[in-house]
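Same chain, two partners: chain A is paired with chain B first, then with chain C.
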Partner chain A sequence: MKTEYKRVAYYPGCALEGTGHAYNKSTREVGKALGLELDEVKNWNCCGAMEVKNIDPKVQTYLSSRVLSIAANEMGAQVVMAPCNGCYHNLKKAEHELAHDAGSRDVVDRISRKAGHATYAAGQVETIHALDWIKDGIGEVELKRRVRNSLKGLKIANYYGCMYTRPRHIFPEKDQGAGTESTSQPHFMDDLLAAAGAENVDFPLKTACCGGAHVLSDSDTSTKLVLNILRAAEAAGADVIATECPTCHSGLEMHQVRAEKVLGEKTKVRMLYFTQLLGIALGLSPRKLSVHENVSDGIAVLKEKGLA
Partner chain B sequence: MRSFAEIEAALAGPPLAAETLLAIAEEVLERWVIAREETPAVEVREGFRLLALHRQGTRGTPSFNACRETCREIAYHYNLLREETGAALLEQRQRMMLLLVKHLLLFVSGKLQVAGLGDFCCASRPLRLESS
Partner chain C sequence: MPIHEKSLIRPENIRAQDKLIVDGVDVSGHWSTFIEPRVVTDYNERLEEEIAALPGGELIHRCWQCGSCTNSCTVNAINPDFNPRYWIYLIRTGMESELLRDKDIIWQCVSCHKCTYACPRDVVPEGVMKATARWLELQGHTPKSKSAIFDEEFTEQVVQTGMIEDGRVIRGFFAKTGQPLLQNWLVEIAKRVARRLPVMFGLRMGLAALFRPRTRGWTKARDAITEYVEEQEALQRKALGLRNTK
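So, the complex of A and B:
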C-alpha cells in the first residue's frame, strides 16, 4: 500500500461539477467510507481539455501545470488525484512535456511568471487516477474486508475508454509488471469490483473509442459507436457497464437514449460509475452516491439484484 | 471498392464466417491507408495482415492507436473461432467478432470524416499546423 495516497490533492475538473456530479459525489463518499482523504486543489482551473490542446498544446500544458503548481507549491501536496480520464491524461501529458521539452518549459515559465505563481517543475507531484487511489491506497484485501453489501450476482463490463492508457509514453508507471496497470488490457477497475464481489465479464471493447470526439462533427457516428459498445457488453452477458470517466459515462448514457430515439435500437444494459458500485458494496445508500442523478436507470438494476 | 455503407450493410446481414470478418477488417484498414495515399501493406505481423495494416495506418497519426486493441481483439477472436467446436460458444464469439469489426469500421469512417479537422484524441495533430 502507498501511504502517500491516504491523503491526496483532489482535482475534480470541470465535468465533475456538471454532468459528472454523481461521480464527484460518489468519489468523495467512497473516500470518506474508506478513510482516504481528499484535499481539493484551491482555485483550480480547466486542464485545457481537448479544445485548448488543438489550438495550442503548450497553453494546455500551462493550464495543467498551474493545477499541479498550486497542489505542489501552495498546498504542499505530494500526490494529485484526478478522477476524469481527460484531466488525468492532460496532467500526465503536461508532466511528460515539462520533463522532456524545453520549449514547453519556457512557455510554462513565462506564463506562470505573468500569472504571478510559482512555475511547476516536472516531478514535484505524482498524478494518479481515482482507480490508482483506491487500488493502491486501500487495496483489494482491505476493500474485501470492508464489503457490507456484496455485488455478488452482478455482471459487470468494465469500460476504461481510450484516454486512461493512451498514449503509452505519458504513463511510465504502467506496464511495469505484476501489480501495475496495463495499457493494453487495463484491469484496476476489474480488480476493485471483483473484490467487491462482482462478476466481471470478458469485454473486448473495454478501451475502445466511444466517439466522444465525433459528437460535434457527426453525432450518428458517435451513436453507432456507443450502440456497438452497449451491444458488445450485452453480448458478453453484462447487467451493468462500469465507468471511470465522466465523458465516457455521459456519452454512453446519452447515446443509449439517442440510439433508441433515432435508430430505434433499444439496449438494456445500465451505466454506473465504479465509485457508485464500490459505494453500494461498502453499504452506502444509492441516494448518497447520487445514483438517481444518472440518466441510465441504475436504481432498477440494483433493485433487481437485491442491492438497493 | 465497397463503400463503408455497403460494408456496414454486409455486417448487418446473415452471420459471417471468421475468415470473412477478418477480410472485412482488413478492407476497412486498407481504406484508411489508401486515403493517406499509401499502398496497403501485404506482409503480416504476428501472423496477421490486419496488424501490419494497423501499424502502417498509425505511422504519423498516433491517435489511430485508439483502435489498436480492437484490431488485436479481432485477431484474438479469429484464433478463438478457429479452435472453438462448441456451437453455443461459437455463436457468441462470432457475434463478438462481428461487433469488433463493426467498431473498427465505425471508428475508421469517423476518423476519415474528421481528418480535415485534426485529431481530437490522445495525441493531437493540431489545426495550427495547417494555419501556420
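So, the complex of A and C:
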C-alpha cells in the first residue's frame, strides 16, 4: 500500500464536468466511502485532450505541465490523480517529454514565464490513474472487507481503451513485474472488480480502440469499432462493460445507439464506470453514483441482478 | 498476426482477354494476364523533408519498413487501403503522385497508438499520419478534414478560455461542417437520457451552456500560446515553400 495515495491532488478535467459527470460523482463518492481524500487542483485548465496535439504537440505539453505545476508548486502535492484516460495520458506524456526532450522544456518554460507561473520540472509529482489510486491506496484485501453488496453473479468485461497503456514509453512504472500494471494485458480494473465479487469474463478487446478521437468527425468508423467491442463483450457472456475513461464510455454508449439507429444492429450489453460498480459493491445507492445519467440503462441491469 | 501487404499492381492496369492469340499462342483468360506498365518520373525529392518538418513527422527517417504499424493498425482492420507502412515508403521514396491516390483517407487515423506501441524503430507512425494529413491540407491537395475542423474548434476554445465545454464544441463543430445537429441517433440519445434524468441535470447543462467554464487569469497564457502557434505555423509554411498568409 502507498500511504501517499490516501490524499492526492485531483484533476477531474473538462469531460468529467460535462458528459462524464457520472464518473466524477462516482469517483468522489467511492473515495469518500473508502477514506481516500481528494484535493481538486486549483483553477485547472484543459490538458489538451486528443485535439490540441494535432495543432501543436508542444502546446499540449505546456497545457498539461501547467496542471502539474499548480499541483506541485501551489498546492505542494506529491501525487496527482486523473480518472480520465485522456488527461492521465497527457500528464504522463508531458512528464516524459519534459524529462527527455530539451525542445519541449524550452517551449514550456517560455510559455510558463509569459503566463506568469512556475515552470514544471519533470519528477516534481507522480501522476496516477483512478485505478492506481484505489488499487494501491486501499488494495483488494481491504476493499473486499468493505464490500456490503457483493457484485456476485454480475458478469463484467473490463474495457481499458487506448490511452491507459499506449504508447508504452510514457508509462515507465508499468510492465515492471508482479504487482505492476501490464500494458498488453492490463488487469487493475479486473482485480478491483473481482475483489468486489464480480465475475470477470475473458474479454479479448480490453485495449481495442473505440474510435473516440473521431466520434463525430468519422462516425461510420467509430460505429464499426464500437460494435466490434460490444459484440465481443456479449460473445464473452458479459452483462456489463466496465469503463475507466469518459471518452470511451460515451463513445460506446453513443455508438451503441447509432449502430441501432443507422445500421439496425442492436446490442444489449450495458456500460457502467468501474467507480459506479465499486460504489454499488460498497453499498452506495445507484442515484448517489449517478447511474441514471448513463445513456445505456445501468439501473435495469443492477435491478435484474438484485443489486439495486 | 497476418502480414498485410500492398500490391503495387493496380487492379485497373491488369488486362485479361477472353479470347486472345499472340503469335499462335492462346493467352486467353486469367491464367495469363497482362499488366500495363507504368513509369514514375515525377519524384518529389523533398517530400520526406517536408513531412519531417511538420509536428509528428520528425522521426520518419528511422523506418525500416517492417510493417508492424500496418499489422497493428485499427483502421487497417476495417479498411485495407489504410496502410501506414506503404505511405511511409512512398514518402521516403518521394512518390508523391502515388501518395495522392490515398489522400482522402489518411486523416482517418484514430490515434490509438497501437503502431507507436508496436514500432521497433520508434518512428511514431501515428505522428507521421498526422503530419501527412496536415501536409496534404497545407499543400492544397485536400480540403480541411472534419477531424481537422474538430481539432481547430476544440483548440480554439482551449486557447481562448483554458477549458472546454462539451456542448459548445459539439455545436461549433456541427455548425462549421454544415451538418444538422438533430441527427436521428443524437436525438435518440437525448431522449433516452431525458427519460431518467432529474430536472437539476438539465439545469446544470443549461448553465454550462450559458456561463462558459474558464480558467481564471488565463489571458497571459492565451497570448503566449497564440504567439507560439503563429510562429510555428510560419516556420512550417516556410519549410514547405509556401508563402505566409499573414
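One rule holds in what follows: the second predicted complex is superposed on the first by the 306 of 308 C-alpha atoms of A that agree within 3 Å, B and C clash if a C-alpha of one lies under 4 Å from a C-alpha of the other, contacts with A are read in each partner's own complex, and residues count from 1 in each chain.
One rule holds for everything that comes next: a residue touches a chain if its C-beta (ideal position, glycine included) is under 8 Å from a C-beta of that chain, and two chains touch if they have at least 3 such contacts.
Since the structure is predicted, the reported quantities are computational estimates derived from the model, not experimental observations.
Because the two structures share chain A, they can be overlaid on it, and in that overlay chain B clashes with chain C. One of chain B and chain C touches more residues of chain A, and that partner is C.
After overlaying the two complexes on the shared chain, residue contacts for A:285 are found with neither chain B nor chain C.
In the superposition on chain A, A:221 makes contact with both chain B and chain C. By the touch criterion defined above, A:176 lies against neither chain B nor chain C after alignment on the C-alpha atoms of chain A. Of the two partner chains placed by superposition, chain B and chain C are both touched by A:167.
Within the superposed three-chain model, A:204 lies in touch with chain B and out of touch with chain C [touch as defined at top]. Legend: residue contacts after superposition of the two complexes on their common chain; A:235 is shown touching chain B, with no touch to chain C. Applying the stated contact rule after C-alpha superposition, one finds that A:63 touches chain C and leaves chain B untouched.
In the superposition on chain A, A:55 makes contact with both chain B and chain C.
Put simply, chain A uses residues 50, 53-57, 162-163, 166-167, 208-209, 211, 213-214, 217-218, 221-222, 224-225 to touch chain B in one complex and chain C in the other. Interface residues of chain B, counted against chain A in their complex, comprise 62, 65-70, 72-73, 76-77, 92, 95-96, 99-100, 102-103, 106-107, 109-110, 113-114, 117-124, 126-128. By the touch rule above, chain A contacts chain B in their complex via residues 50, 53-57, 89, 162-163, 166-167, 184-185, 204-209, 211, 213-214, 217-218, 221-222, 224-225, 228-229, 231-232, 235-236. Within the complex formed with chain C, the chain A residues making contact are 14-15, 17-19, 21, 43-46, 48-59, 62-63, 66, 107, 110-111, 114-116, 162-163, 166-168, 183, 208-209, 211-214, 216-218, 221-222, 224-225, 253-254, 257-258, 260-262, 292-293, 295, 297, 299. Contact residues of chain C toward chain A in the complex are 55-56, 74-75, 78, 108, 110-114, 116-117, 124, 127, 130, 134, 145-152, 154-155, 158, 162-167, 170, 173-174, 177, 184-185, 188-189, 192-193, 196-198, 201, 204-205, 208, 213, 215-218, 220-221, 223-225, 227-229, 232.
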